[in-house]
């Protein structure tokens, strides 16, 4: 387990290392705007292939966006953290052409467990997804892998 | 509001009409094996572009699979139903090459609200996702649209 | 359905009318400090009969406190609103002698559905419960009952 | 950590030891009908002091009943397990005079994490609460305490 919290630069390096392998986040066009231990901000543009059967955006797209934010914020400490469970509410629909922003904020952190709220908004600032996730923090480190 | 519950054939027609417009379910390669009012069974094959930064499948993929099952099972009554909230737990990881099955079962149904449990298993029968979702049932009908 | 949002005084009257019948909130010693449409602040003192088998406070106590806040905040509009589902996370344990505060904030409101976050803190400001709830807003009014 | 899973008799002894200190479960009149590692069945009778402001039973009562079932089922392995998060849906209201039954079933168990579904029914077999909970399993043992 790392002796200290990574710097912002180290955290960004960890998260970019994850993103380089994260094919699904790439497929969705997710971009990392900021990342530090316990926090991140992502954006994504909504395309036509993200629609569901009602002509609005599939709930799985919005969830996946939140889930990536959960992974980046919680892993930016340098310890491998895996999601245990997550929930989402949809205050408003997402439409094709929207640009979404996800901001992950840490609500609680213990040695083994982290809890995060991720707020997803559209280009007008309207909330379109409220995501809450819990991660289990393993003892495995990211930086050693990243450096190898 | 429809006077009566659709037959299995009518339910399948409604769900296939939804699927034809559901670009994200198509992108994920989701297939509808069964659908009737309040219940459905779907399958999907896990490809390399569904990986996250840890080399296992992105939680958003598993969630989206459950969310499609929620939409098909709840809309098969012929009334347009939209998800209010959903939660997922991940009992075991999903790997590239796995074939997943989602079975949606109705736990509760009132005039306005439906609650569904969706169990997601892999090709060995191991549970990899436990999804619970709540839908709001609008007064809009599917069949009229489908017939027009 | 009321033509307009109640004033703070009307909202407090509605909530106090609910509290007068709410035997379980009374049993727990919950006190209403503020209530307005979509928002409220409650306090409660933790007694020995609220312990679980580990000598810390039973999760059901913390949840019930959040659930009362959900009911008061959502019903303060004057329309009868019932909880559909709720979830809670426990960032830190609650102990005998603690004084808890619950603040309910509205995240989203449509004609039929309201979503609320309730943050529960102890006397030191530490978060001990993160509660999220969804209500269904019926067409029944509170004020007529209150006035009859 | 115990070398082996407790017998049913050992599990019942652990759970009864918890119950003896669990003042809130006692206050609610919860009774333990069965308990074994990963599973339990409880009952409770609904009294007038469990009502909310609408004359139906407070959601916190139903939740607390589920939360006790979560604690007993997950701790019956002999390792101290604490709830991380829980969610509940209310398919139907609970009334004064109802006798409720909670059955906890284990959905997933790893060294550190357990996931449980608890189904709460009334005397007519109708589902009135669907509870899902996740516990963190510490390394502390119950039996040593129980024997001391």
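Couple of notes before you dig in:
Letters A, B, C and D mark the chains in the order given here, with residues in each chain numbered from 1 onward.
The rule we apply is simple: a contact is a pair of C-beta atoms (placed from the backbone, for glycine too) under 8 Å apart; a residue touches a chain by one contact, two chains touch by 3 or more.
All values derive from a computational prediction rather than experimental measurement.
Chain A maps onto chain B through a rotation of 180 degrees [Cα fit, steps of 5, range 0 to 180].
Taking A-D and A-C together, the pair of chains sharing more C-beta contacts is A-C. Averaging C-alpha coordinates per chain places the centre of chain A 23 Å away from that of chain B. Chain C has its Cα centroid 30 Å from the Cα centroid of chain A. Across the assembly, chain D contributes 84-85, 87, 89, 115, 134 as residues in contact with two or more other chains. Of all the residues in chain C, the ones that touch chain B in their complex are 84-85, 87, 112-113, 115, 134, 136. Across the interface of their complex, chain C is touched by residues 17-28, 48-55, 57-61, 63-65, 67-68, 71, 75, 80, 82-90 of chain D. Contact residues of chain A toward chain C in the complex are 87, 89, 91-92, 107-108, 115, 117, 127, 130, 132, 134.
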